[in-house]
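These are the structures, in structure tokens.
Presented sequentially are two complexes of subunit A, the first with subunit B as partner and the second with subunit C.
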Partner chain A sequence: MGTLTQEIPAPTVTTDVDLTTTSVRELNAALHAEPEGSTAAYRVVHPAGRHAVAVGLDRPVTVTVEGHVGYYAAGMNQHATVEVHGNAGVGVAENMMSGRVHVHGDASQSAGATAHGGLLVVDGNAAARCGISMKGVDIVVGGNVGHMSGFMAQAGRMVVCGDAGDALGDSIYEARIYVQGTVASLGADCVAKEMRPEHLAEVTDLLAAAGRDDDPAAFTRYGSARTLYNFHVDNASAY
Partner chain B sequence: MTDATPADFAAQGLRESATFDRTTIAAIQHAARTGIYDIRGGGAKRKLPHFDDLLFLGASMSRYPLEGYRERCDTDVVLGARNAKFPLHLSTPVTIAGMSFGALSGRAKEALGRGASEVGTSTTTGDGGMTDEERGHSKHLVYQYLPSRYGMNPDHLRAADAIEVVLGQGAKPGGGGMLLGQKITERVAGMRTLPVGVDQRSACRHPDWTGPDDLAIKIGELREITDWEKPVYVKVGASRPYYDVKLAVKAGADVVVVDGMQGGTAATQDVFIEHVGIPTLAAIPEAVRALQEMGVHREVQLIVSGGVRNGADLAKCMALGADAVAIGTAALIALGDNDPALDAEYRKIGSAAGYYDDWQAGQDPAGITTQDPELQQRFDPEVGGRRLANYLRVMTMEAQIIARACGKAHLQHLEPEDLVALTIEAAAMTRLPLAGTSWIPGQGS
Partner chain C sequence: MCGIAGLHLRDAALQPHLGALLQTMLCQAAERGTDAAGVGLYGDPGLNPAGQATVCTIESPLVATEAAAAVERALGQPVRSRASGQTTVFTAAVAADLLEAAVRAALPGAVVTSRGANLSVLKGTGHPDELATTFRLADATGYQGVAHTRMATESAVTSTGSHPYSVGPDQCMVHNGSFSNHATIRRELKAEGVEFDSENDTEVGARFVAQQLAGGADVEKALRLLCERFDGFYTLLVATENSFAVVRDAIACKPAVVAETDQWVAMASEYRYLTGLPGVENARIFEPEPEVVYAWER
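Moving on to the complex of A and B:
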């Protein structure tokens, strides 16, 4: 799977952006205009729940947001590091390709939806459908995740340090989900699986990458039973 | 008995049930035998009110025609100027509808790009992402943003000329998709991040937004990611077009695509195709009414698809208020689908030329709806592209012939006043008078 850590050269200058006087459009345009390989640092204040903050980034820049963001913060991120010192609305880091997004508060539903790569860390809880249709991203949630998390999850790893809601991993494909706490219920075709040494190792790595000290041995692995991969009429009640 | 005709049976006193006719009996027997419903490609096959139920009036004493072949009748269309820095300017209002790499071979996608580009129109990706063949051969490429997000990639979003947020399609409004395992080769699987040979389900709802208020925020995000450069289309399957179009416009769409139930699919349950959604003819006036009431008709463009076959259909769509059409099934036929020369091969797989609709099965003798390497090689994308370009030119010229006869110097000048309806159903759906009368059902005498 993807690299968990990246070397980020320390930027020398930080650009302050106040979203009460600068529009999100201007912020994103400035971030998109950074030259290839830029490691510039931006500090964004007064986000006030605005949507689409720091989306479509394609440079190894660092964006630190002081406050809460609305929908789709850091959407489709590539290479960048985005830190949200607050809560994040729907679809944080949706379709992320690479880089790192760290929400220090809670995340709303569909966190990391369809994301292909990179690392999403949520220190608090993530609501429903966390990691829905994930396609290779790594997600570490410090708290709980809501119902239907990991729905149709195709690839990648999701580590839940708290509990998981109903229908975890419903219709899951090849993603791996690790839960430390309880699981309210498993979705269709999702089963608990043996924690082999390689799984223990990857949980250890993911927790370390997220800056957490939970005991990897306390986690249970969940994945696909692969019984629904090809339609069969005898499984009709499971669809 | 095998050569007996229905008349022979009637002579023997045998009577076929109108309710349980032979097709119905065969369907029940198939269900009982297999335990599975029929999945197929294409759109609704049942007879529906359609463009054939409309006629143009042509010029007469009270109207002044344009000289065919001499006086100009322009065909270009600009799509997406409402918000985008770079709207699409197409030479003909016939666009190529979204069809996925996976459902179609890479060579077929290339041919669609070649043909469309030759006549200055756009082609569209599909579920499964953007291929190099398609981008490389398409002057104007619309990138679909679908619930599955298979192959969704911001680099491709930036490389596209427009973005189409897909809520549904006419063959299955409210339904997701399924690409059967036999078409999931290593390349298709890789693009979709799934194992080879697995049935690939496409969700029916987007994973990170629900409803029109969320859609407005989603469109905002897509615009931010692409620096407000690209037109954003919203595509809906025709079921409640009046409300859907209004909500799409409110959510910020630059272009609305309405796909009627004759619109094709690569793989959907027959019961879904035939029983969900409304005909294209019924959808257009409702979509136009919504745009007019919002004061954005022609500012937000309307693209209509679902059963558009020729220049007359194109002209009728334009006259009803569309800005452009999209074709899928007709484009595949132009490429070589259902070619009579392949009849013997269609029969080997239980079909016949003119009937083949198992686009989901991956056995297409024409090499179009398949991922089989040998079958794909039968299809020459350069030849296919030329055939498509020929067909698009014919459609456009046919529409020009009609427009000139109606005295119109641009296809967009066609208007409802140029049309009448042949049937009461069509008159009621389109609010056009029944031919030879001034009667519009529901509007008094």
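Moving on to the complex of A and C:
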């Protein structure tokens, strides 16, 4: 979770890619061919909702996408910064390892699914299952998140500036979820917890990293009650 | 996996382009299903001439011209026919139920895929791009349309298994997902005298909705009742003569996106199907919430 202090090198030359004339595969191949340590900048126009834009990056490049992208944009990201000036489809930044993905519009379901590290920022709303099975990523959502968000979330932090849908944090492990607005309902074994100074500090840092000015003191922390971690004999009849 | 797309026009100036717009959506949706495809078109005067009824069939035992002659003999009135790929379209200046009865009498084995004054359902097996050509979709006009590309899961790849399902007058349903308790509901509906054309799960949903509508429910209520009764995964797009509605199951894992402008309302499995629509860059775009019925009237 050292991504918050990561320096983003200033790129010098920008490569323009128009997806009406260049295929997504060609774009991704060019990004994968960047040499180690490359801080190249790419500006992608006319994405037209295409899937798998800027996936599998493993260099500290910057990719700016002007428009809406389809499924799995910036999936498996390592080191790269991906900005989407539009909406993102299913599974944006899924399995991200490091780097930063910023969606300036809304994100569809399963944003940041299984991601291990890095920072995912969604300025608008994220749909169902945001941060499902997250394993260390930080997620900041400016709007609302849909139902089953944080399902089986194992590690990392999720900050929701709006409201959360039903069954928030169902079967959550050790991830921490912070919600400023209302929670429609909590999932199994997810409970509201005390905001201690270290939690206020981490919400402050995450909001700052996402470029937001919400009041950290207005957030409530949610996490695991840890009652599902071990078999309890009173539950035997449920098996 | 299947692909769904639908377009409900608010601006009459776009009506001449309905088919061309729907074709761009259908062909994008082909990546979610290449087993079969179909469209439901509302208000095309070639398919649904004013003052006439239209009945569409698949699996007709006769070619279109011979079939028209046979239906004409059964009806005792002039009948026109048109072949649109695997679908045969019959029109006559009588009530839709009379034309449907004549088609059924004259063409044993044929499956009626739509009947009414405003709707024609064209469907069949094959690649959506090729089917769109046989439907002459690019030339179609009208006020709303739905489209479906099928990757078969719950029943075989047959023309009767393809969508849309239209089982009531000017009603139409397309479905992405699979109902898990459709066999139970099918038995219940059969016990009440409802007849089925296929083994497909979506047909059960369409029969259920048609029964609710026939009982006086509006589309919104019919779909809320469907949510209560049906288990499984579904994103549904349901159209009637005057309405266009979307609903998703409680889990909402089957994708759906709605875009809305002053000129049109569109729904699709994926945003990219919508990129050919005029003004989409300024549309209000959202994902339908689970078990919320979204309905637009004209």
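The rule is simple: the second predicted complex is superposed on the first by the 231 of 239 C-alpha atoms of A that agree within 3 Å, B and C clash if a C-alpha of one lies under 4 Å from a C-alpha of the other, contacts with A are read in each partner's own complex, and residues count from 1 in each chain.
Just so it is clear, a contact is a pair of C-beta atoms (placed from the backbone, for glycine too) under 8 Å apart; a residue touches a chain by one contact, two chains touch by 3 or more.
This is a predicted model, so every value here is computed, not measured.
Peer 1: For A:106 in the superposed arrangement: first (subunit B), second (subunit C), both or neither?
Peer 2: It touches subunit C, and subunit B stays clear.
Peer 1: Which holds for A:173: it touches subunit B only (first), subunit C only (second), both, or neither?
Peer 2: A:173 contacts subunit B only, not subunit C.
Peer 1: Of the two partner chains, subunit B (first) and subunit C (second), which one does A:49 touch, if any: first, second, both, or neither?
Peer 2: second
Peer 1: Which holds for A:154: it touches subunit B only (first), subunit C only (second), both, or neither?
Peer 2: So A:154 only meets subunit B here.
Peer 1: If we overlay the two complexes on their shared chain A, which of subunit B and subunit C does A:76 touch? Say first, second, both or neither.
Peer 2: A:76 sits against subunit B, while subunit C stays out of touch.
Peer 1: Contact-wise, after the overlay, does A:90 reach subunit B, subunit C, both or neither (first, second, both, neither)?
Peer 2: Both subunit B and subunit C are touched by A:90.
Peer 1: Give one of first, second, both or neither to describe whether A:68 is in contact with subunit B, with subunit C, with both, or with none.
Peer 2: After superposition on chain A, A:68 lies in contact with subunit C alone.
Peer 1: So which one touches more of the residues on subunit A, subunit B or subunit C?
Peer 2: Touching more residues of subunit A than the other partner does is B.
Peer 1: Determine, under the contact definition given at the top, whether A:135 touches first (subunit B), second (subunit C), both, or neither.
Peer 2: Touch partner of A:135: subunit B, not subunit C.
Peer 1: Identify the partner contact of A:127: answer first if only subunit B is touched, second if only subunit C is, both if each is, neither if none is.
Peer 2: It touches subunit C, and subunit B stays clear.
Peer 1: Overlap of the subunit B and subunit C footprints on subunit A, residue-wise?
Peer 2: Common to the two interfaces on subunit A: residues 51, 70-71, 90, 109.
Peer 1: Across the complex, what residues on subunit C touch subunit A?
Peer 2: 251-253, 255, 257, 270-275, 285-287, 289-290
Peer 1: Which bits of subunit A are touching subunit B when the two form their complex?
Peer 2: 24-25, 28-29, 32, 51-52, 55-56, 58, 70-72, 75-76, 78, 90-91, 94-95, 97, 109-110, 113-114, 116, 129, 132-133, 135-136, 151-152, 154-155, 171, 173-174, 229-231, 233
Peer 1: Using the touch rule from the top, collect the residues of subunit B that touch subunit A in their complex.
Peer 2: Where subunit B meets subunit A, its residues are 34-36, 148-149, 152-155, 157-158, 178, 181, 192-195, 197-199, 201, 203, 207-209, 214, 217-218, 220-221, 224-228.
Peer 1: Across the complex, what residues on subunit A touch subunit C?
Peer 2: It comes out as residues 48-51, 68, 70-71, 87, 89-90, 106, 108-109, 127-128, 146-148.
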